[in-house]
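Here chain A shows up in two complexes: once beside chain B, once beside chain C.
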Partner chain A sequence: MSVPLLSVRGLSVAFRDRRGETLPLREVSFDLRAGQRLALVGESGSGKSLTAFAIMRLIRPPGRIASGEILLEGRDLLGLSARQMAAVRGGEIAMIYQNPLSAMNPVQTIAHQLVEAIRRHSAVSKDAARRRAIDLLGEAGVPDAASRIGSYPHQFSGGMLQRVVIAMALAADPKLLIADEATTALDVTTQARIVDLLARIVDDRGAAIMFITHDLGVAAALCDDVQVMYAGRIVERAEARRFYEHPIHPYSEALLEAVCRLDAEPDRRLTAIPGNPPLAGAFPSGCAFHPRCPHAVPICAEQAPPRVPTGGPGWFAECHLGRERLDGLTLADAKEPLP
Partner chain B sequence: MSAPTTPSGGEAPLVTIRDLVKRYRQGRGGSRAHEVVAVDGVSLEIRAGETFALVGESGSGKSTVAKMLLRLEPPTSGTIEFEGRDVWALDRAGLKTLRRRLAIVFQNPVASLNRRRTVEEIIAAPLEIHRMGDRGARRRRVHELLELVGLDTVHARRLPSALSGGQCQRVGIARALALEPRLVILDEAVSAVDVSIRAQILNLLRDLQELTGVAYLFISHDLAVVHSIAPRLAVMQHGRIVEAGTRTEVFGRPQHEYTRALLAAVPEPDPANPFPLRRTKESA
Partner chain C sequence: MMRFVIRRVAVSVLMLWLASVVIFVTLRVIPGDPIAARGTLPGFTAEQMAQLRHELGLDRSILAQYLDWMSGVLRGDFGQSFFSDFSTTELIATRIVPSVELALMATLVGLLIAVPAAVAIALRPHSWLDRVLSSGAAGGMAVPPFWLGILLVAFLSIELGWFPTRGYVPFVEDPLENLRFVALPAVTMGVVVAAPVLRFLRAALLDVTRSDFVRTAEGKGLLWHEAVVRHALPNALMPTLTFVGMVVGSMLGGIVVIEYVFGWPGLGALAVDSVGKRDYAVLQGVVLLAAAAFVLTSLVVDLLSVVIDPRLRDQMST
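Coming up: the complex of A and B.
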């Protein structure tokens, strides 16, 4: 097999405060192939953005990358000089940040910032860059792009800014696009359009996408693999169809049950996972999900769960009951073999 | 506009907005200036104790309506009444009451929190400004609020920069609830949290509504959530309300083309058929 585009190995991130060191990201490992669209979903605060920031090498003190390797086409990004890394950032890897306002300079026009982003990675004239910027904004669905490109960030609505940040990330023609909640502030019609745009970029340019989202609907529409995080670890990965139909990890199952669907009975209490998400520094022993897990058995509190392969390339679930739950699934589906 | 925006109940509405217009100049001014009509003749009413949703196109003016209601931006024309009084003609005392009874959770959780203050200080700020209780009472209230939104006391001493996006969002919600307001504007308040916490917060908002009779103006892109919690809603496009009515009317028999387009674009968690309504439309 060829080298994956991105390979993250044993990545841990640590934060130090007065009380000592916490590890909000613990030994995270996964691969991403060129052309692949990977959804990263999971609990709020589980480390999705931290994973993205670590890949971009943007973890700032008091945080640090405590261990691990981040290989881009086999080259370890953690070994690069600051200058080399700056070239990778916004070049081979581009990121759409969760918080669009903080990614923009408030005192520069949108035109200025986009033109700069384009010229940083390709030697084109200012006029050509401006035309490209207008095209990109149009592609990302900003109406009247040509007349509104001279605006300042605060003059745009939340969703319009989000599209500016998407345009900015696409400007560099990246090999890997990391989108952190890129479509959450968008109405569903615009969202569908962005999903189509991202899908096209993957198909046309062979880029890969790591799509961080809370919207399991959008993830279903865009992604071919789903990876779930809980308490600083990846607890399950599977191909999308399999994941939505037969989640193996009890957390994945609970997450899918909490999705509010359009056809749900109105004015009802929504299904939520009982209890609160754990905090870095106070992760429960054994499997971090065990205090909230309806299937937990004594071993779950005592030992870290094994990584159980679940039948496809790179698919796994980190669960003591993974084997059983998989077997149960295989039995139940005996007539209808797994995809 | 055909559908009614007026609640059927007899009592005076909590909020009455009439013919609201907001124009902005964009860009640097001079010859490059370009006028944007952000809100173009919006009228609506919100009843005490109800949840009213505002959905629609990104950039259609939803947040601008909220800002004018909060007195953060003056309207170009039109009127806004809160508890029967014109919010733009209030005296000092009236303003103080408005600030207590009307709260907002902003769309952008991280940017809306003071980055130099700890979570505890942020949530305590409205209590201090309005001189609620003594130090100890305020402290207890802060911890009560933290618990309510599912944050741990460990979070209380942290700066917003040490929290995840969804955690910041919950700090914003706790702050908004601090003074037990009559109306809370929730501008995309639950879009940045995971589905389980979202469900928890929505259940919590519903419980609080039953308990205290607080009303919500719920601005959201998530139509499934809107359907679940808002009995009445309005759909905005290009600064106007293009359709308004009850949940049953708008979701069951959408009249406007834009509303239908919106419903067709709702993605469901099913990779085999992520846009069920889009499909039916095409195959029909």
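Coming up: the complex of A and C.
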């Protein structure tokens, strides 16, 4: 098999504070193929943003990457110099941020900030960069881009500004887009539009995308594969359809059930899964999900669960019951085969 | 926008007027007057002193004296010095240029120290450099300016002979000499300005460098120092501008001492002279001018903030 676009191996992120060191990201490993669309889902605090920022090497002190490899087309980003890494950022990997208003410099025009991003990665004149910026804004669905490019961030609505941020991410035609809750701050209609836009962009450009969200519906609409995070680890990865129909990990199952119940109840509360997600530094022993898991058996509290392959490329579930649950699934399949 | 400017200018004028009242009344209320300040002059009877007071108009009501003074000030006439043959306006006119020069140079020196130092800190916060510069700033705020001035004179003038110890040469006469003379007082005052500004800008920068948009800047491929200088610094400078305005405005107090130490023929020296003599007209004029400088500085700073901050600009126009 050819080298994946991105291969994350044993990535851990540590934070140091008064009480000592915590590991909110623990030995995360996964691959992403060129052009693939991967959803990264999980409750708040599970480490989704940390994964994204670690890949960009933008973890700020007191945090640091404690161990691991981040291979971009086989090249370890953690071994690059600051200058080489700067060429990767925005060049080969670009990020779309959760809060577009705080992600933009409030005292510089959109034009200034886009031109800066474009000229950073290609030697073009200011005028050419400006024309390209207008094209990118158009591609990202900003109407009237040529006249609005001189505006300041606060003069845009949230949805429009998210399009600007997307245009900025496209400046150097990156191979990988990382969208960290790119739609969370927006209202539902705008959310849907932005998701459509991202789908079209990655299609047109053949770029891969890592789409971080805690909205499983949005993940389903956009992505090929879904990857679930819990307590700083990836607990399951599978192709989207398979994931929605037959989640292997009990946590995935609980998440999906929570979504169904949320749809039913008009009074939406995100306490759909009993109990609270654990905090870094206080992760339960063994499988971190065991205190909340309806299927837990004694071993779950004692040993870290094995990574059980679940039948597809890169698919797995980290669960002591993974094998049995998978076998149960194949039995059910045998009786009632999937099309 | 225009409405904001007009309102802001109106407020400044009002503040100045209030200042003029306070200055005028305070001076009359504190004990002593120009005549008493001379002591009992030999050959002057109480009658003659009363006569003198009458001639100078000191026996009229405070309101009458104030209106008299104010109407003069509005025409640019600050009244007659009780002791000098020159009018207050002339006295002030000869002193204002050196003072303004010293204030501007001190501000410039202060910013040239504070801004690069704060940026250096922001590039590597909590490093040894940060510790050195931050304690330097704390020291700069604790050290009395005159003491620093004397130190500088002792080393750079007397020991090394690089700069004259005291005095002044007008810029128009000999620009180079002028700069040699202004160097030490400007550095002394500059440190007084730099210390608090450095502390303020450091805090502002450390705060701004943590913002999302600085990470965005890095995320599009800027190196850390580029992100700090191009994105964090302009944002941190906006609140600092207002602070600098306050520091420079209140610098006018410190300048009195520095002018004395360096024999700088500015308003500060003039003020000290006239306090001793209760030379009302001159003293009022100088203090009013100091108040005007403060009001003007904050006006300029406020208008400048609106000009450079697009968010404020938009707020003004709605």
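The rule is simple: the second predicted complex is superposed on the first by the 300 of 339 C-alpha atoms of A that agree within 3 Å, B and C clash if a C-alpha of one lies under 4 Å from a C-alpha of the other, contacts with A are read in each partner's own complex, and residues count from 1 in each chain.
Basically, a residue touches a chain if its C-beta (ideal position, glycine included) is under 8 Å from a C-beta of that chain, and two chains touch if they have at least 3 such contacts.
In this text the structure is predicted, and so the values were computed from the model without any measurement.
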Dominant contact partner of chain A by residue count, chain C or chain B: B
Which superposed partner A:Ala304 touches (first chain B, second chain C, both, neither): neither
First, second, both or neither for A:Pro277, with chain B first and chain C second: first
Touching partner for A:Gly217 - first (chain B), second (chain C), both, neither: first
Which superposed partner A:Gly158 touches (first chain B, second chain C, both, neither): first
Partner chain(s) touched by A:Gln191 [first = chain B, second = chain C, both, neither]: first
A:Ser102 touches, of chain B and chain C: first, second, both or neither? both
Which superposed partner A:Ala94 touches (first chain B, second chain C, both, neither): second
First, second, both or neither for A:Ala34, with chain B first and chain C second: neither
Touching partner for A:Leu23 - first (chain B), second (chain C), both, neither: neither
Intersection of chain A interface sets (partners chain B, chain C): 99, 102, 109, 152, 155
Residues on chain C engaged by chain A in the complex (per definition of touch): 210-213, 215-224, 230-231, 234-235, 238, 308-311, 314
Residue numbers on chain B that touch chain A, as the complex places them: 24, 26-28, 32, 34, 36, 55-60, 63, 107-108, 110-111, 150, 152, 154-155, 162-167, 188, 191-200, 202-203, 206, 221-225, 227-229, 231, 247, 251, 261-263, 265-272, 274-275
For the chain A and chain B complex, residues of the former touching the latter: 15, 17, 41-45, 49, 98-99, 101-102, 109, 143, 147-148, 150-152, 155-160, 162-163, 181, 184-192, 195, 214-221, 223, 240-241, 244, 254-256, 258-262, 264, 266-273, 276-277, 279, 281-282
Of chain A, residues touching chain C in the complex: 56, 58, 60, 82-83, 86-91, 94-95, 97, 99, 102-109, 116-117, 120-121, 152, 154-155, 168, 171-172
